[in-house]
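What follows is a pair of complexes built around subunit A, which joins subunit B in one and subunit C in the other.
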Partner chain A sequence: MSNLVIETSGLTRYFGRKCAVDQVTMSVPRGAVFALLGRNGSGKSTIVRMLLGLLEPTRGSASVLGEDCQRLSPATRGRIAYVAEGHPLIDWMRVGQLEDFQKSFYPDWDGHLFAKVVEHFDLNIQARAGHLSRGQRAGLSLALALAARPELLIMDDPALGLDPVARRTLLETMILMTRDAGHTIFFTSHVLDDVERVADHVAIIDRSILRVSCPVETFHARVKAVVLEFAGPPPQMPKLPGLLESRRTANQVRLIIANFGPDAERIIASLGAMSVNEAALSLEDAVIAYLGRRGEQTSLLSDIKEIGVAK
Partner chain B sequence: MNLDLDISAGSPSPIFRQIVEQVRTAVMTGKLAEGDQLPSVRGLAERLLVNPNTVARAYGELTRDGLIDGQPGRGVFISKPRQMYTKAERQRRIGPLVDALVHEGLWLGFSADELIESLSQKLDKAANHDTSRRKST
Partner chain C sequence: MKAIFLKELRENAKWALLMLVGLGLLMTYQTVTQNGPPLVSYPMHGITVLGFPAAGFVLGMLQVLQDRRRGRWGFLIHRPIGRTRVFVAKVAAGILLYFGATAIPLAATVWWVATPGHVAAPFEWDMVAARAADLLGGVPWYLAGLLAAAREARWIGSRLFPAGLAFIAAVFADFALSFGEAALLYAGAVIVLLPAAWGAFVAEGEYESKAAPIRLAQGVSVAAGVLIAYMVAMGLAFGLVESLGYNTVVFSPQYAILHDGQVVRQTAAKDGTTQVTDLQGHALPLTADEISRLRLTASEIMLRETDPAKMKRSELEDLYGIQGGDAYAHVLYPTEQYVQWYYVPSRQTIEGFNTVTRRLMGSIGPSGFAGADRTPESFPERFIDQLYAFNNLKIGRTTAYDVNLQMRQAKFLFTTTADDTIIGGNEWSYQGDVGSDPSKLPAQYDFIVTHSTIWVYKNANLDFKIPLEYSYPDYFSLEIGRMTNGRFLVHYQAGYAMGKPEPGDEVVQTDDRGQIVERTELPPLVLPGPNEPQWLQLTETAAVPPALLAFLVYEERDNPGQPFSWRMVAIEVMVIGCISAVAAMLLMRRYDSRRGATPLWMAICFVMGIPGLLLLISLRQVVARETCPACGRQRLISRERCEYCGMAFVEPERVGIEIFEVGVPAAQAAHG
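== the complex of A and B ==
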């Protein structure tokens, strides 16, 4: 059995003339909790839908559990569970009916686990899906996915719109799934604190292009903030390899640099700063540096001096 | 076992490092002593709600540093204290902490003598604690 659960190669998808996913090559190792991050509209959901064979790639290929995504056999599909964005459910069905329906696709159905998760989200087995709150819908779609005991769980923004308690339960269900050795979770998210807790691999897609795909700890270690302090106004910054962001204040420049290495270090040393301090970044700040605009930055807060002046 | 770890996501310090540092502090301050058992990797992961690989990585680093010892089939225990770093490495590790103490102390308006005094009080306390712990084991 291959050690890679998901493999894509040059995966590309156009919608008309618009490129939604541009030559994405990535692999997800077995047993990983893999988070795909990116802004809204960056191509995350398009990737997810291609992985499930719901959408055809324009070019390139993708395989899951060793099978081409375009030709997944029912047996292989039965080893994958999918939690779609917004937790869509068949609204006229009752909770119990949805269980029976889902069960018919999954030979390893775990009714006990389903009951436990449903109970945890305060769901009545008789309730109709259409009458559930958003948190309950999320709970139900998680229960339907987890009880399938899938080898691969794919979730598209499962935390979207959840309150803090429901989000915590989502986190618990993901940790619960890691008890099954060799089972893999691939999910997209915007909740970076949760990603930091639960994910061990992270990928970042920015405007259709995959920019990062590595273990979380590698990402954490490679993206650094460097603060340069000058006696007077800072000089113009030269071109720096791996520069993601630079912000200047009266006598300081704060750079965020990916793969901070000897080359960047040498250039920085030549700038004549009074002091150069390297600092670690939170996962959130590092991700935002990747997803923000490149180069010299100003924030919205400093762009707008006073609100309501220009009328 | 009186290990009370408190980790937070969203900090510049990665979660595995927070675990390493808190276990280290617990050993230094005597909250954990030789022979105390730590939770299993999975047990701690589920309690802290973090990926088990993160806990495994922290335990790996603590094992390499000689602070803990995994005994197959029995669990993870605090090991007998031993020195495994070279002098240079120890200096590299203590340097930033001394800097922080000096800067913060001077900024708060303490004199050098006051800082030395409070440091030596702490050191005395730690030494006493250490000898009493050794006697009891």
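== the complex of A and C ==
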């Protein structure tokens, strides 16, 4: 059995002339909780739909559980659970009817687990899916997915639109599932706080190009924030390899640098700063640095203040 | 699969119920208000021939569209069963709902109509066949609905094209002579639409990735819609051009016989006036209104073959009313209050119904009237032409009767031999003898024409016979009337010459014993050619698909009056075909095509012309191109390598921020 449950190679998708996913090559190891992060329209959902064979790649290939994603057999589909963006369900069905509907396809249906998750989300078995709140729909979607006992759970932005309590409950349920080694979770998200809690692997797709795919520890180790303090106004920053973000204040420059190494250290040393200190960097800040405008920039707030002063 | 089937049933039951109620109400209204057999009435035909397909098409579309919205598609499709099984479950539920929505109101209507005392009209089970055929007709429409919703297409543009094939099948089936014929036509449409819909469903609407037979089925389905849309658009466009002043209406000259036997020639002009001349072409000071007043009142009789073995299908339909509601019961002219008479072709009987009790009142057969307690007596032959629904004269191929519904009598007139069959007939009421005496009734004449003779009956008694001198195909009709001088006049009418030598009309006058006393040969009438400018004619023919144009001209090859010359058409077919083929070749560069696809599409477009190009655009999905950094040419983005130089795609530029590493999952590390 391969240790990789998802493998893509040069996976590309165009919509008309617009490239939505540009030659994405990545691997998801078995047992990982893999978070795919990116801004709206960066191609996350497109990747998910291609992995599930719901969308044909323009170029490249992808395999899931060892099978070409365009020809997933019913048996393999039975090993993959999918929670789509927005938690679509059959709205006229009641919670119990949805369970009956879903379990008719899965011989190993875990009714006990379904009941547990449903209870966890405080769902009434008689309630119609269309009448549930977003959080409850998310819970029901997760219950339907988990009770099928999948090897691989693919979720497309499961926390989208959920309140903090519902989000926390969702995360707890995901964590519950990963206790059992061998289960893999692949999910996309905007909520970086959640990612930090549950994910052990992170991938970042920026403007349809995959920039990061690694364990969270590796990401933490290789993305650094450095604060340079100067006696006067900071000088113009030279071209710095791996520079993700540079913010300057009156006599400070804060840099976020990927793959921080000797080259970057040498260039920074040449700037003549009074002090160079490594600052704490959360996963959220690091990811935002990847997804925002790269290079030297000021904050929007200070820009507005400056405009106000000038007037 | 059962779960999907039940889900589809439950989810779409409300739509089916809505359709059932709507169709039920319409059918009930028609059944209650219709004068005549409701099942074969035109309004009921309209309900089933429009309502059933609409129900099928809407149901098919809804079944896909409901699952396509708000991401539900993935929830439905991603499960451990093949998409084919999902499709089968959907179709099974959809067909069941369709038949539920349509067959239930139809069955209720049939039960109501078939129960004596409910409807004052004859009933026979064959009447159900026509409506049952319409019921089957909804199945291709249902599949067309599925295909239209499932295939990748634009909402405004090509989305509804698959309905074209169902439409064509429905049009042909409407002219079918039997349930079997209609069922065969619908089965043919289903054979194409079912795999096309299946292919679109399992391949996410994509066209390119399907197998060749599926692409062919989808191509045929869409081509039908393209052709219909194209023809409608062309018709509207040229209609607009013609309305701008390029009028193509042809005004035909004709002869008019006045009551004193004088023959004049009248020609309608473009400005709406009528020019009247004598046979030498001298203008006469007569207006169209005066001509109408002075015209000889006469009976017009169409001359035509009546032997079914020698008739074309369209002639059979026209003459014997073998298709549609007329195949089952002709409503005859009203005679008395609360009684409605019908001619029932299948039984060859004339049956009367009481409109109050709505039960059989009696019948009229060769032996006369028989009460409801006796089985209606059949006439020996099937009467021809529904024209006789308004006449007493009833004629078959070799027999003629005068049936007086008011008197409830049938009088045998004559029988002829198999080699001298009846080729036309009509009746005529002559007012000339009445004068100012109110006690005198107008003379009732029956004219019956066989291959050799015109039989003239006065008040159901043989008066005299006139030898038939001219007949079809050169002469398509004749007028017989009695002039003010007591003579009879027979006007044999020939077709228009259209440039070729054809016989002219003939006018024969006889005395009141049928002896010919005068004969006038009239010059042939020449139909003027189209009066539209040549550029418009050329544009119109250029718009016709080249293969169709060639076929039409081939069909008209024996008609020297047709406005096209072979050379001109051959050149036009070649030019339009070649331009379309070249356009197809250029268009094919937009697509990622298999080997041989370009020549195939060039051939299709050569044959189909502009509709072929529209089909190509409607079916194929455009693949973007980008400049190859190696050779600088525009290469397809869907190929792994440049089709010109073989260069692979360059990976996205690395900007130094990339971090790629496949690590060990935390859970495994913890366990390890």
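Please note the rule applied: the second predicted complex is superposed on the first by the 305 of 311 C-alpha atoms of A that agree within 3 Å, B and C clash if a C-alpha of one lies under 4 Å from a C-alpha of the other, contacts with A are read in each partner's own complex, and residues count from 1 in each chain.
The rule is simple: a residue touches a chain if its C-beta (ideal position, glycine included) is under 8 Å from a C-beta of that chain, and two chains touch if they have at least 3 such contacts.
These numbers come from a predicted model, not from an experiment.
Of the two partner chains placed around the shared chain by superposition, subunit C is the only one that A:V212 touches, whereas subunit B remains out of contact. Residue contacts after overlaying the shared chain place A:V33 against subunit B and subunit C alike.
Judged by the touch definition given at the top, the superposed model places A:D200 against both subunit B and subunit C. By the touch criterion defined above, A:G96 reaches neither subunit B nor subunit C.
For subunit A, the partner touching the most residues, choosing from subunit B and subunit C, is C. Once the two complexes are overlaid on the shared chain, A:G86 sits against subunit C while remaining clear of subunit B. When both complexes are overlaid on chain A, the residue A:G10 reaches subunit C alone and has no touch with subunit B.
When both complexes are overlaid on chain A, the residue A:L281 reaches subunit B alone and has no touch with subunit C. Common to the subunit B-facing and subunit C-facing surfaces of subunit A are residues 33, 178-179, 200, 217. Against subunit B, in their complex, subunit A makes its touches with residues 33, 168, 171-172, 175, 178-179, 192-194, 196-200, 216-217, 220, 279-285. Contacts from subunit A toward subunit C in the complex involve residues 4, 10, 12, 14, 16-17, 19, 22-23, 26-27, 29-33, 49, 52, 54-56, 58-60, 74-75, 77-78, 80, 82, 84-86, 88-90, 92-93, 100-101, 104-106, 178-179, 181, 184, 200-201, 209, 211-215, 217-219, 222-223, 241-244, 258-259, 290, 294. Subunit C contributes residues 2-3, 7, 10-11, 70-75, 77-82, 204, 206, 209, 622-624, 637-640, 649, 651-652, 655-668, 670-671 to its touches with subunit A in the complex. Residues of subunit B that touch subunit A in their complex: 9-16, 42, 45-46, 49-54, 57.
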